[in-house]
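After this come two complexes, each holding chain A, first together with chain B and then together with chain C.
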Partner chain A sequence: MAETEKDVSMPTEKVPAKNLLRDVVDKVYAEAWEAKKRGEPIGWSSSKFPAEIAETLGLKVCYPENQAAAISAKHGGQRMCEYAESMGYDNDICGYARISLAYAAGAGGDERPMPQPDFMLCCNNICNCMTKWYENIARMHNIPLIMIDIPYNNTPEVNEENVAYIRAQFEEAIKQLEKISGRKFDEKKFEEVCANANRTARAWLKACSYCQHEPSPLSGFDLFNHMADVVTARCRKESAEAFEALAEEYEQSVKDGTSTWRYPENHRIMFEGIPCWPELQNLFRPLKEKGINTTAVVYAPAFGFVYNNMDEMMRAYCKAPNSVCLETGVQWREDICRENKVDGVLVHYNRSCKPWSGYMPEMERRFRKDLGVGVVGFDGDQADPRNFSNAQYITRVEGLYEIMESKKMGGPKSE
Partner chain B sequence: MSDIFTMGIDVGSTASKCVIMKNGKEIIAKSLVDVGAGTSGPERAIQAVLAEAKLEMKDLAHIMSTGYGRHSMEDADSQMSELSCHARGAYFQFPNVKTIIDIGGQDAKVLRLDDDGMLVNFVMNDKCAAGTGRFLDVMARVLEVKIDDLESLAEQSTKDVTISSTCTVFAESEVISQLSRNTDKRDIIRGIHRAIASRVGALARRIGLVDDVVMTGGVARNGGVLKALEEELGHTIYTSELAQYNGALGAALFAYQKSK
Partner chain C sequence: MSNIESLLAKFAEIADSPKKQLDRFVSEGRKAIGCYPYYVPEELVYATGMVPMGLWGKPGSPSKAKEYFAAFYCSLVQMNMEMALSGDLDKLSGVIHTTLCDTLRPASQNFRVGIKNIPMIFMAHPQNRKPEYGIEYTTKLYTKVLNELETIAGRKATEEDLREAIKVYNENRQAKREFVRLAGEHPELVSAVARSAVLKSSYFMEKPEHTAMLKELNGLLAEAPAAEWKGTKVVTSGILCDNPALLRIFDENRIAIAADDVAQESRSFRKDASEEGDPIRALAMQFADQDQDTILYDPELNTRPPHIVKLVKDSGAQGAVVLMMTFCDPEEMEYPSLMQALKEAKIPVLKIAYDHQITDFGQARTSLQAFADVLSQKKL
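Coming up: the complex of A and B.
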């Protein structure tokens, strides 16, 4: 009743979706700290481990990849990487892994603190470096490691054997986590959690799809900022609601002809790979100066997946940038490029992510051949600023711009 | 109708180059100062080229800067990346060019052009000096020879010596250990040229080699590297006296386009 009265007398201002999204992630970390204080076991989870299990069992989980991205975006990456290197970890190892290993060893990380783990949830669909990274932390803290192994998919389809193999591991993970939580797995709660996860994924994918509009009501770089929720809080109703609010805002922007991209949209590109978090401003600057809007990204929508039953769920967990074959990877990206109407592709050769960067030369060739767009690569790193050169990046972006401009003018004809 | 004079200035990492063109057709003056971005080089190169052309700044219809230090040139009316400028410069000199191998002071790049000389694709070295002019500078210093003598010394080589490291620091160590074994400097130099050819050749293969292949940039002055590249790639590679001015030439041509 009070709410109704309030609505009539003083209309409440809508909370911007970005605030809702930020609050959800803050809540994930705050709840983990509170649970730790209560003596509950805390998990560290890889970003594409089936979050539905821990959520159903009421276990609080933190996400080292999200933490590493946040620390590096706030310029703590080099300090943490160097700490890990002083422990003996090679600087060729993924920057996220080095930051996480350093944090687990007590290096501190005020940029995004989270409680130390009592168990590890590792799924190697996101990358295989994850396995050794998590094993190391499990050994460092002498805690259990729950592993779900996703075989690399050499074919576009996921075969039945793999579905059965993953399903069996899923069941085993439930048993292990029942022991850790001291609770029984509740199927009804599981259904609710899955429904939330699907709702979040649908809303996230819908928000991402607004990049298809010309001009786009957003920059793809916004998605890099918003994706923290789909990584850390996929199974929560609040995440779904926040993404639905975000999609509504984009819908309104399309109607109003407004955009978070406040520059001309001379060209539209796909940004391939994980962004260089410590260099977001440097990445963005030459793009805005040339009026190049990033209207397609690969990394952000990769975390949005919908399933209708257990088999589909197993298959969904097989689809991640580093666990699908080249043909699936090409199809996936080329569909995004066509739907989002890009005329160029900017490829991040990421020193931290060798599996992803390794197949990019062939992908580049395919993009040029199949899409006829300009494609340019630059060297960088998702977390370690020592592996990025701004001057080199600017020259490559200008080169891409000049290729796209000349294509716009009618040339170049062919390679 | 009065003549239109345009200037291209290529502010590289190790040298500043200027070209003044008349009506976008004729090179009337050029200058080169062996220091680049962040030094007095660009200004000295501008003064030198103006003196040679007997012109003043006010006579220039348009000045375009390119190269590593292009954005720091206050005198420039516009900027363009060295990629497009090299494409334009090479196409002006070699109308059949399809592939450009450009090796400058701190980067190596391979460019693909279409039939009209438009840039289609390019690859560049990563954040590493391997295969660049800097690599040669370091090796020349260790060998105590002048950079300009590398070509003639390599021609006198009689034995194959392999420098397998592409990393400048590791290659320097390899050269030092060859010297300590009394290996002939001339053989080492040819080995260094082949190491560059191998590194840059990999970039060129990645983009796909199509004739005619043209080499530009300061390192093209070293015929030993050019010869090693020809052997490595199995293609004839053309170059010209203007190889090091090629970026500035392209900028002067674009400047003419802008002036109209």
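Coming up: the complex of A and C.
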């Protein structure tokens, strides 16, 4: 009680939401380390594995994709990729996978250390590469792998046989994880966890929606940093609260006419794809120089899993960027482009992500036709800096800028 | 020309001219369905009276397909798209498109929207294919595919049609397995180039016709006296190994193919389907039984490397040649484990880059020449 009294009596400065968000992610990793020390089993999970199951069972889980992004952003990506290549993994393989395989093999990774796994949670809604990546690590450590397979969709609707198939896998995953955790699955706790996950998703979507304002109260690149929480801790109340705090800050910024984007907002674009984490500064530089704010990123709908019941939850996990059909993918993007009022699209042809980049040429054509906006692509990689050329990127951004300027001046509508 | 040579020449002619085969089927009033890799149950196509045609790309470089794919996509898928965009597949009445890898996923969407004149039948196989719920899912998936095929064919397939199709395909698979064994025993009669043509031709032929020719060939090979092979033997592994220019280098260096773990070859005919019970469920069970493949989830985590080690030992090969399909992540991802298992078993291995765009196998020639020497030492 004393502490509460102290909290009430002493006026405290409001903690910025970005700090709250950072603390939540740090806590996820810290708790995993503590659990490991206590001898509890630690899981490594793909980013869109149904986190609700492990959370309900009180299992501590780390996220290799988040780790790989953090290591890459801190410029450890190339070192780790090269380590994996020395193990025989081809440099064509996804950079996240190479970093993760290297870390699992003991290559270090001080940029974002996490305990080695005791079980693997694989959901291939994001890609098939995940299946073999996780199998390799499970093989390396001789540990169990829990596999939830989400068949790729060819239509916007998820059909009943897919739901039944996925539901059966959820049930099996629960049984497998009950064994690993030594605990019974508590339905009441599960409901609570799902409520948190929904609250986090809604708060995340709300925060992202502030990009719709003109001018935007935020630089869209901020969302790349904040998404770590929605990946690693979406079932936690603290994440929901932190995103709600973030949305409140944006609301206030709109009122105050302030923004985390400190440059003119001459143009607004959608950044298509996963960012090149090792090159964030290089990605940002020509955009700020030309006053191009990123006000739309595909990650907003990609992690906004909102559901009301078990069937909806199954369907929600079928809606990852790389598991939906072309039409759904286009609609997601065109909706946020319209809502967030962009006049250009910058497409990242990501060497690490074949399923994502595989229908981008067709999407580019649709964006031009349906939205009448400028669209330009560049070659890069989410983790391996060797696949990015800054000179090419600058040229492409300049090209996009010229198209957008020309359209602004009433120039030709086509490129 | 011996009977064996004349049969091999016939297989080679067919393997080299899929378009001619397609024209022939269509001129005879038949409908043909293109089948993408991997694990399309061709029995469903056959049961509706249509002809399945395998789509494994063709040698060359993409031009029109570049409108759909960046450069870092596998040439098999790109060349299928190229053929479709160039009108080579116009005579097909439909295409079954699978999605078992990260290139096939978006490729299915590109095909659907980019190729308007050929109906696409979508097929998303399950990876959790072994538990009952996986078998049920596959059964429903195959039923849907069958319904779409029936619409194209304009006729229903009865249970009897399906059972007959399974029988026909089992017979063909058995004949192919037997041929692989006999070709491994008689490299003096079946070159690597010829071996590939025999297996590849089955993608462009009606199965009863292929089986009949193959049984005749198998009979002749079985009767052939055992001959001493002065060269060496390997097991090949990869997605494709069908370029005659590369296979000629095997032959020139007297490297025979004793057995294979190639997707277009043995991986596609390892398992038969039950001829009893519900035929669609039997096909789903057949898929559930598929294993030791880079594109399939392995619930036991590591069954493929020991399988290939065993294949090398059982077939009397001295080494393994991995044909690494450029930009194929599943194959690349499983390479280190395979390497390790082969190394532990003291089996020499050679990795060669392979794709439809390679026309000059100069580097492969040098490597295979050196590898032949290594294998000869091993043979001694």
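Everything that follows uses one rule, which is that the second predicted complex is superposed on the first by the 400 of 415 C-alpha atoms of A that agree within 3 Å, B and C clash if a C-alpha of one lies under 4 Å from a C-alpha of the other, contacts with A are read in each partner's own complex, and residues count from 1 in each chain.
The rule is simple: a contact is a pair of C-beta atoms (placed from the backbone, for glycine too) under 8 Å apart; a residue touches a chain by one contact, two chains touch by 3 or more.
What you see is a predicted model; the values in this text were computed from it and never measured.
Of the two partner chains placed by superposition, only chain B is touched by A:Gln392; chain C is not.
Looking at the shared chain after the overlay, A:Gln331 reaches neither chain B nor chain C.
After overlaying the two complexes on the shared chain, residue contacts for A:Tyr165 are found with chain C alone; chain B is out of touch.
Once chain A of one complex is fitted onto chain A of the other, the partner contacts of A:Asn128 are limited to chain C, with no touch recorded for chain B. Contact with chain B, but none with chain C, is seen for A:Ile403 once the two complexes are overlaid on the shared chain. Ranking chain B and chain C by residues of chain A touched puts C first.
When the shared chain is aligned, chain C comes close enough to touch A:Asn154, but chain B does not.
In the superposed model, A:Asp90 lies in contact with chain C only, and not with chain B. In the superposition on chain A, A:Asn322 makes contact with chain C only, while chain B stays out of contact range. Of the two partner chains placed around the shared chain by superposition, chain B and chain C are both touched by A:Pro361. When the two complexes are laid over each other on chain A, chain A has residues 349, 361, 379 in contact with both chain B and chain C.
Across the interface of their complex, chain A is touched by residues 67-70, 72-73, 99-103, 105-110, 112-114, 122, 124-128, 131, 133-134, 136-137, 140-141, 294-295, 297-299, 301-302, 324, 326-327, 329-330, 332-337, 339 of chain C.
Those residues of chain B lying in contact with chain A across their complex are 68, 80-84, 107, 112-116, 118-124, 126-127, 206, 208. Interface residues of chain A facing chain C in the complex, by the touch rule stated above, are 87-90, 92-94, 97, 124, 127-129, 131-133, 135-136, 138-139, 145, 147-149, 151-154, 161-162, 164-165, 168-169, 172, 322-323, 325-326, 349, 351, 354-355, 357-362, 379.
Of all residues in chain A, only 349, 361, 368, 374-377, 379, 387-389, 391-392, 395-396, 398-399, 402-403, 406, 411-415 touch chain B in the complex they form.
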